[in-house]
């Protein structure tokens, strides 16, 4: 549905006509005949539902774009050709996915561990210096936009002090794992700061609630060591909503961490879609959005499954 | 365990007999054998400093209990009965509560013991069952897991052995098909079965002391009868001491050997069950007995409620905490208003904290209220 | 379904009784459908109330007792028309109010009011006491002689509260006082009938007596009629004139107070009364407690014919096939049982006619005559000899 809406609305918003779109492919000063031919080739004058149907079919089976003597085959899964460089969007996506994945997964590990731990400790030491300061920091974390924290980090830690490489550097993990990690430290920290702050607050609230529950008192009454009470009883109960949110956050992020990638000039999916929007590159936007939507759907499914694993009451 | 040791006679070994410092309060449970005295509380005080003031939830409580016997603690909300039971188990966070006094469990003093020492006793030598088994059991773990957890923290046992023990405990408390029910979650049990499961969990390590805090208040009356009977049967089998906390005088009449009546954090009356029901001495106890609708008597006269409302624990009434509600508080001039009454022995083993003259009390009880002889 | 004569329903069985019949209920049913699947098909129904027939005379107090899942709370809600019955009839002051709606329902609410169980959650914490108690006047657009505020203050005084607390909020009051506020609100429009759903169970024992006395005083002063729903049998014995015992949505026994408590006829009533702990230590060990076999069946699938037969120690084949009608077995005492206890004319097939210490053929014997082991065995075997759905497994938590 989302994809269809984008398919339908985006060109209208952007003010494109079939001819206008064709012109993007062919070049600015092309003849009306060339434009006409391109329109026909790309089936841009078909009705929207037909185009949509073709699009969906192309995802599974690939598509052919015949151009008189020129034939261009777009192998499955086919998400169209980029206006800019005439390359299949899919290839572009697969090239950039590892970057986004590195960023998202790395940050996810960091924010999950740091956020939950901070939240738990804050809850256990409620009102202490640690609690109050960590919650203030968390408040800053959720309030400051990524491009702000990212730019501050870059300015201070990269340009000024030179501790970390600046934006635009990305090394694949297979090439040089050490450098890969090193280059990603700043983006990771920036991205995790925001999420860790959120998760710290959630965890703290959840823990405060569960620590007051009767079953925690029972656990203590059984003589369980306090650490077991906190982790296996209180945290176990508080973590369920957090896990579900985590799944959704990660799913969304894998579709493109737009702000972070832009700030740090990382060639990921987020940057791809931003550039695509800036360049009015419709197929790219469409393609990435479809791809991201897929991730979100999968994430939702996984989250439901995990929730049932964690909460037995849901299973019946 | 390096706690205060007691020799067989129940006195602290070595040094002076500290008992002599305590002039008031019962040293022995009414009508019991001192050598079997197993649990003893002395001048227990549990205070909570709050923003609104110091909440004196328990303010000088003493009692004893021997194995195989049941102590019923009766009181309403705010009397301090639940706080007492949590205090015995050491479940009050040091940061929130100031606990003082002594609690002797067998030969070990609990209040001066370290957290770790008390933790090791919890579940193993003393256990507690709570009012609402649905909220007191963890919703995400099976009953079997929770029983096994309790068992393995105190006993070295393989998972298999622990599971077999859990199944045996479930069978013992009367849960049908225990070998399959052991893998069920708490929400899959009915209310009565859940309470049985909680009892199984509490007794899994064979504790010497069982504290039951309003165990049947949330249950239907037919189920309540079953649970109470179960507790009695298991008590006989394990020879455990039981503290039954309740507001229901009927339950206490069925279960208890001795009764402690609490009001505003203090004991106002303490005696055997016969003493309390047939020869009650304290006006609060009279009030409870007279204001209760009876199942076995037809409606003859109006209930006689206790005038007023339970007291605030922050601003306790001066002197006798019950005096604002006592119909006889004026009889001693200012005494009830200014002086806190201490527990005094009205009859052997029967203690009352009241300023009324004993003969006058008896007269009121027998002639005016017609309560017992 | 139940074979009661019309005379029973209209209360003409009590000629010369205290007052005319204020409320009468016949064939009252409330089934809650259970929907499953994408197409929301009704696959089953929770038969919360399954065929009630009774009447309430003006000025009397009818007690409705039973354990959780018996349907008494649902019954209370039906009587005040907070829910609409699935079947049956409710007649109040001669008018059929079963399906009234809209303005007529609002008018009816002036005469039938409810006092709720939980004084902590049934009062809106954001409203002052004055506005809570005064709300009925505003909602019903009634002009009072001396103004709403004055009327409300009079009401507060009537229930034993300080009229100067008019502007206070519920959280500033204790549980007992809040219950008084709830009572004051229900009295605002001078109703004729008050349904009290567990009016004292959430209160401390010493406060319960105050509220019980208050309710009795108000009844005498204002000529109220009460239906009191409770699970505490002692409270019900004290406050009621007549008592109805409910089980799985049906009334199994309905009698005068003294009759019910001293000569209970239905086995369930007998078991229930034997289970209540008495505040008399001398009785310890002397009372015969009857333990019921098995667990409470689910109202989704109540046993056929007599709903109690799966747990009854006297159950015979007829109990699984023919539903016993709520019949008047002695003056003013109605029982739905084929083999009632304490009956003036015992059923010749009653297994208790024989020596009760000898187990009956079906092998189910009352608890007091068994030892613990035999009881274990019996509770795992199906109770009745017939192949009816005798549930011995713990079912899902019973709903109210």
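By written order: A, B and C. Residues from 1 in each chain.
Operating definition for what follows: contacts are C-beta pairs under 8 Å (C-beta built on N, C-alpha and C of every residue); 3 or more make two chains touch, one makes a residue touch a chain.
Note that the structure is predicted; figures quoted are calculated from it, not measured.
Taken chain by chain, the contacts run in an open path, each chain touching the next and the two ends left apart.
The highest number of C-beta contact pairs joins the chains B-C. Farthest from subunit B, judged by the mean position of CA atoms in each chain, is A.
If each chain is reduced to the centroid of its CA atoms, subunit B and subunit C end up 33 Å from each other.
Here the spacing of subunit A and subunit B, counted between their Cα centres, is 57 Å.
If you average the Cα atoms of subunit A and of subunit C, the two centres end up 58 Å apart.
Residues of subunit B in contact with at least two other chains: 187-188.
Subunit C contributes residues 67-68, 174, 176-177, 204-210, 212-213, 216, 231-235, 237-239, 257-258, 261-262, 271-281, 283-284, 289, 291-292, 295-296, 372, 376, 379-380, 392-398 to its touches with subunit B in the complex. Listing the residues of subunit B that touch subunit A in their complex gives 89, 91, 119-124, 127-128, 130, 132, 135-140, 149-150, 153-154, 185, 187-188, 198, 201. In the complex of the two chains, the subunit A residues touching subunit B come out as 213-215, 217-226, 228, 233, 236-237, 240, 310-313, 316. Chain contact summary for the complex, subunit B toward subunit C: residues 76-77, 174-177, 187-193, 220-222, 224-226, 228-229, 233, 247-254, 273-274, 277-278, 287-289, 291-296, 298-299, 302-306, 309-310.
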